[in-house]
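Both complexes below contain chain A, partnered by chain B and then by chain C.
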Partner chain A sequence: MTNASPRFPNGTTVAIGAILVALPWVLPSLTLASEILVVATGALSCTLLLGSVGLLSFGQGLYFGLGAYVSAILIRDFGMNASVAALAASVAGCLLAAAAGLLIVRRQGVYFVMLTLAFAQMGFFLALAFPKLTAGENGLGNVPRTTIAFGKFALSSPGLLYAFLALLCFAAFAIVQRIIASPFGSVLNSIRHNDNRSEALGYDVRRFKFAAVTIAGGIAALAGAMNTLMLSFVPLSAVDVETSERLLIASLIGGVGSPLGALVGATVLGAMSDFLSPVWPRWSMIVALLLIVVVLFLRDGLLGLGSVMGRHRKEAPNG
Partner chain B sequence: MRNRREILAAAAVGIAAPALLRRAWAQQDAIEIGSLVSLSGTFANIGEQVDIGSKVAFDYYKTAAGKPLRYVQMDDQGDPGRAVRLTQDAIRDRGIRFFMNCTNSAIALAVAKEVANSGGVYINQAGADEMTGSLCNKNTFRWPVATYSAVNTTVRPFMKQFPDAKKWYTITGQYVFGDSLLKNLKDVLGELGGQHIGNSYHSLSDREYSGFITAAIAAQPDVLCICNFGSQTIDVLRQAVSFGMKRNTKIVVVWSTGLDQFQSLGPDICEGVYFGANYWHGVDTPGNRLLSGVIKEKLKVTPSYLLTAGWACTQATVEALNKAGSTDVPAVIKAFETLSFEGPTGLEKVRAEDHQVLKDYYLLLGKPKAKMRDKDDYVEVLSAEKAFLSPDKTGCKL
Partner chain C sequence: MSTQVFIFGALNGVGIGMIYFILSIGLTMIFGLMQFVNFAHGAFYMVSAYAAFAIAQWTGSVLPALLISPLLAAIFALVSERVLLQRTYNLPHEAQILITFALAILAQETVTMIFGTLGKNVPVPEMFNGVVILGGFVYPSYRLFVVAVAVVVAVVMWLAIERTRLGAMLRAAAENAEMVGLLGFDSRKIFMGAFAFGGALAGLAGALAAPLRGVEPLMGREALAIAFVVVILGGLGSFSGALLAALLIGITQSLMSMIWPGGAHLMIYGVMTMILAFRPTGLMGRS
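Coming up: the complex of A and B.
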C-alpha cells in the first residue's frame, strides 16, 4: 500500500467495477469468470493482510473452507437463502479467525507464517476427521441452487449467479478499500512500516493485527461461500493448503499494493489455467516462472508493471 | 455513440460466435463425449493413462449410433471444483450430453450430480461406494466394483484356501475408501470366523509407515491386510516386505491397480503376495483379447488397469449408444440399464437397480521371478468372481 491513505471511492473502485462487468464479455466462459471472482475475493484477504499490515498468511484456505462448509450446510440442511448463507459464513470466518488470531498475532515473522500454516493443516485434518459433517474426501454434495433472498431470484441461471457473485465480490473490495482509506487503515499502514515505532506512538499493535486477521478471515470465508454457490458442492480441496497457496499466489502476482491486484492476479491465474492446460499439461511451471519474475523484478506485482516500464523509459539514454 | 454501440454489439457477437458455431456443428456432425481426466495436478499419472486408454478406444470404435464420435478432453487438474466448472461449460457452451472417466471419487460424485441436473449420461471409474449407493442417480453408471465386492472376492477365496489364517491385522488409509474396505473386511472376518486383532490408520499424506508395520509385527498376525489405494499401497507393501513380514505372515492387498503397481514393486516384492484387482491382462476373454490386441498394436505395451478403465468406459458408452440407436438421453439410459457386453473382464452386465456394471474381480498371487513367462507376467489368477451387495442393501434409490 502507498504511504498516504487513498480516498474511497476512487479510480480503483471504478476499475474494479468495470472489470467485474467486463469479465463475462471478455472471457469465453461464464463459469471461468465466476471462478475468478471467487479466487479474487479469497486473494483479497491475503492482500489486506500482506499489503496493509505486512502479515504473510499461508492459512487463508482454512477460512475459505469453513465458509464453504458453513454455507453449504446452511443452504442444504436449513434451507437458508444465498444472502443469509454468505453472511453467516463470513461471520463464522471472522469468529474462527478471531479465535486463531488470539494466538497467532503473538508471534511475528516466520513464526507467524508457520502458525497460519499449522492452523490450515489442522483445518484440513478436521474436515477429514468429521466425514459425517463434511463428507470427507468425497466432498459435500447435494447443495441445491437456492434463491438470493426471500425466496426470489433463484440462482439457477448462470447469468444471475455471476451477477450475485460479482455483487458480493464488489462489496468485499469496497469494504477493504474503505478500511484502507480509514484512520484504522492508516494505523495498519504504519504498523506495516514499523510496528515498534507504532507501538511507541501508543497504538496497541497486537489489537490492530488481531482486527486485520479477523476481517481477512471473514473475507476469505465469504469467498468460500461464493465457491459453494458456484459449484453447489464443497470439495475437500476447498480447505487444503493448496487453496491457501493459490489465494496467496494470486494476490502476489497481481500485487499487494492495491486491492485491485487481487482481482488482476486472480484473472491472470484463472485465464492461464484455462487456456494453457489444454495445450501443455505442465502449465503450472509457467505460473511458477511468473511468480519468480514477480518476486524478483515486480515488487508491486503485475499492477506495478506500468511504473517499472515507465522508470526504465526515463532512465534510458535519449536517441 | 451509435457507432460505439454497434462496435460493442459486433464484438459481443464475435466473442459468442465461436461457441455458438461449435455447438451447432457438434450437434449436427458428431457425438461429442466429454472425458474428465486429470492431466496436471496430483493425479496426473492416473489421468494420463485413462486418457490414453479412452483415446485408443475412440480410434478403434470411431462411430456410435451411426454418428462419428468426437473425444473432448477436459483436464480437471485433479480438482473436483474445476471438474464441475468444466462440466457446466461443456453442457452449456458445447451442448455435450455424454461424459465419462474420473481420477478420483470426489470428482466423479461432483460431476455425476452436475450431469444428472442437466440431463446427461455419465460413466466413471469411482471407487466410492456412494456412487452406486446413497449418492447414486438415474444418469450415472460405474464400471469398477465397489469395496464390498473387492473384499468379498479376495478375502473369501483366500480364507477358503487358508482356513487356519485366522488372525488379521490391517493397515488402513484414514479416508472414506479405506474405511469402507476395513468395514467390509471386518464383516467378512466376523462371518467366516476370522479375528481382526488390530488396525493402524495412516493419513492421506503419509509416506513413511515403519511405525505401523512394527505395530503389525508386534501383534503377530497370520495375515497383514492392506486397505488403501494408489502409491500408498506400493509404499506400505514395499516397507512391510523390507521389514521381513513375508517370512511368517501372508500379505493381502485387497485393492490394487495391477500391472502398473507390480512394475513399480518388482517381482521380488510381489512374489507370494495376494492382490485384489479389477483387471488382469492375462485373462482370456473375447473382450480382453480385443482390447489387448488394439492396445499392443497402437501403444506397443501390455494393457494396465488404468488404460483399460479408460477403454472400458468408452466401450460401455459406445455399446449403449449403439443399442439405443440414437443420442436421445432417456433412450441411452434405458439401453445402459439393460446392457450386456463382452467387456475386458468377460461378459459384463449393467444392473438397472443401482447402475453398477457387474463384472469379475480377481484374486491374484505374485509369482516367483523364475516362473514369469514374460516381463509382465507377475501373477497367477487364483479366482475371478462376481460378488455384489444386493440392490436393496446398497442404499441406492433411483
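Coming up: the complex of A and C.
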C-alpha cells in the first residue's frame, strides 16, 4: 500500500506471468492448477474492490455464478465458442453488478457489506427457484467442450485448456493492474484512504465506487465462465455464498495490497485444499485460523510477510 | 385463495417474523452499542439449534432446550467476546467483520465435526404435538406456541428497552457510548452484557426454530443473511425498525410459500430489493 502510483507493466506483471507458467510444473496435477486460475481470477475481483477502493464484498459469488451459467448456456444452447462465451459472461457480470451497484453504493460502510451478502444469497435462491434455466440442485450439465475461436483449437486437451485459462487469467490481472496505475485508479486509492476528503476534492465518490463494483462484477463473471470451461458443468455451488466467501478468503490470505496477492492466495488455498482435504475434511478450520492471523497480524496478507516485521500500523477506522 | 387460508398463512408469517425479530435484536443491539458488526451472529443461532437437537435426543423433549440453549449460546458469545472479539474493538469494521466471519467458520466446522454434514430433524415437544382447531381450520399447535412465546419475548424485550433503567442505559450507550462511560458505567461490562444478551436471544431463536426447520450446519449462514435483511430494511440500532422489517419478511415468506414454494426464500430478498429501490435508506428512513 504505497502512495507512489504503481506502474504497468512492472515486476508484478512479470511475476504473475511467471507463476502462471510455473504452476502446472510445480503442482501435482493440471486440474489443481486450473482450479487455482479460476479462484485467482475470482479473488482478483475482491482484491480490486478491497485493495483499491476499500470495499469489502461478500457477494462476488453472485457474478461468478452468473458468468458460469451464462457461458454454459451460450456454449450449450447457442453453440458459441469459448472466447465469445467468456466475453459475453463478463459483460453480463458487469451489467448485473451495475444494476446491483445502483442499490448497493447508496449505502455506506457496513450496510455495503451486508448488502453484498444479501444479494449473493438472493442469487442463490434465484438459481434454485428457476430450475428450468439452471437445472437447480442437479447442476447444469452437458456443456460440450468447445473451441477457443473460429472452430479451431478444441479445448478437449487439458494442456490447451490450461493455456487458454491462463491467458484469460493473465488478461484479467493485466486489466486490473492497468486500472490501478491509471488516474482513475489513483482516485479509487484516495477514496480508500479517505472518502470524505475525496468528496471534498470534487470527486463523485459514489460514481467511482459504482464503476469499481461494475468492473469487479465483470471479472468475477469471467472467473465463472472459466469455471464452466474447466468443468463442462455448472454446479449449484457456483452461485452459493460459500463461493463468495472462498474468493474473498483467497484474496485476503494472499494480501489485497497487490493483484499478485489474489494469485498467491488462490495458490495457497488450492494447495491446502488438495493436500489437507483428503486427510481432514474439516480443514476449513485451519483456513479460518489463518484468516484470523492475517487480519490481526498481517494486514498485507502472506505477500506482506516480509515487510511487516517489527512494523505495526494502526489504521483509522473508516465506517 | 380463501380468506381463512390467507389468515393462517399470515399467522404463520407472524411466527416466522417473530423468530427473525428475536434473531436480529442481538445483531442490531451490538452494532448500536459498540458499532461492532458481528458476522458470527448466525453461528450463535446455529450452535443453539444444535444444542436443542442434542437436548431433545437426551431428554426426549426439546422443551428444556428453550431455557438451556439460549444459556449455552450466551456463554459461547461471552467466551468469544473475552477471548477474541474484544481485541478487535479498536480495529476498522472490515477487520471485525472478517474476524467474526472466521469465528463463524470455526463454529460451523466444529458442529459439522460433532454432528455430521447431514441435516437432522428435531421432534416437536410432545405436549404440542397435536393440532388446534381454529375456526374450522386445523393448525399445528407448536406453531401457535412459537407465535405465543415469540410475542411474549418481543413484548418483554420492548418493555425492557423502553421502560426500564437498564434499557435506558442501553439506549443511551447506543447513542453515545463514551458519554455513558463518563457517567460512571463500566462500558466493558455493558459490552459483555450486550454480547451475552444478544447471543442468548439468537440462541432462543435457534431453539424455537429447530423443531420447525430441523438443524443443519449451514443454517447459521442462512440466518445471518436474514438478520442482515432485517437490519438493512429496519436500520441498524433500531428496534421498531427491526420488528417491522422482520414481520414484513416473515409474512412475505409464509404467504409466498403457499403461492410459489420454490420462490419463498427468493421473495425475502425480492422484497428487500424492491424496498431499497424506492427507499434507499430502508423502511425507517435512517441511513
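Structure notes:
Going forward, the second predicted complex is superposed on the first by the 307 of 319 C-alpha atoms of A that agree within 3 Å, B and C clash if a C-alpha of one lies under 4 Å from a C-alpha of the other, contacts with A are read in each partner's own complex, and residues count from 1 in each chain.
Going forward, a contact is a pair of C-beta atoms (placed from the backbone, for glycine too) under 8 Å apart; a residue touches a chain by one contact, two chains touch by 3 or more.
Not measured: the values here are computed from a predicted model.
For the composite obtained by overlaying on chain A, chain B and chain C cannot both be accommodated without a clash.
By the touch criterion stated above, A:14 is placed in contact with neither chain B nor chain C. By the document's definition of touching, of the two partners only chain C reaches A:114; chain B does not. Using the contact criterion defined above for the overlaid structures, shared-chain residue A:125 touches chain B and also reaches chain C. Applying the stated contact rule after C-alpha superposition, one finds that A:287 touches chain C and leaves chain B untouched. In the superposition on chain A, A:296 contacts chain C only, with no contact to chain B. By the touch criterion defined above, A:103 reaches chain C but does not reach chain B. Look at A:133: by the touch rule set out above, it reaches neither chain B nor chain C.
Once the two complexes are laid over each other on the shared chain, residue contacts for A:235 go to chain B alone; chain C is not touched. Once the two complexes are laid over each other on the shared chain, residue contacts for A:22 go to neither chain B nor chain C. On chain A, the surface touched by chain B in one complex and the surface touched by chain C in the other have residues 125, 128, 131, 282, 284 in common. Of all the residues in chain C, the ones that touch chain A in their complex are 31, 35, 37, 84, 87-88, 90-95, 97-99, 101-103, 105-106, 109-110, 112-113, 221-222, 224-225, 228-229, 231-232, 236, 260, 262-263, 265-266, 269-270, 272-273, 276-277, 280-281, 287. Remark: chain A residues 50, 54, 56, 103, 106-111, 113-115, 117-119, 121-122, 125-126, 128-129, 131, 241-242, 245, 252, 282, 284-285, 287-289, 291-292, 295-296, 314-319 touch chain C in the complex. Within the complex formed with chain B, the residues of chain A that make contact are 25-26, 28-32, 34-35, 125, 128, 131, 135-139, 141-142, 158, 227, 230-233, 235-238, 273, 277-278, 281-284.
Here chain B touches chain A in the complex through residues 11-12, 15, 18-19, 39-41, 44, 48, 73, 75, 77, 79-82, 84-85, 88-89, 92-93, 104-106, 109-110, 113-114, 128, 130, 135, 174-177, 203-204, going by the rule given at the top.
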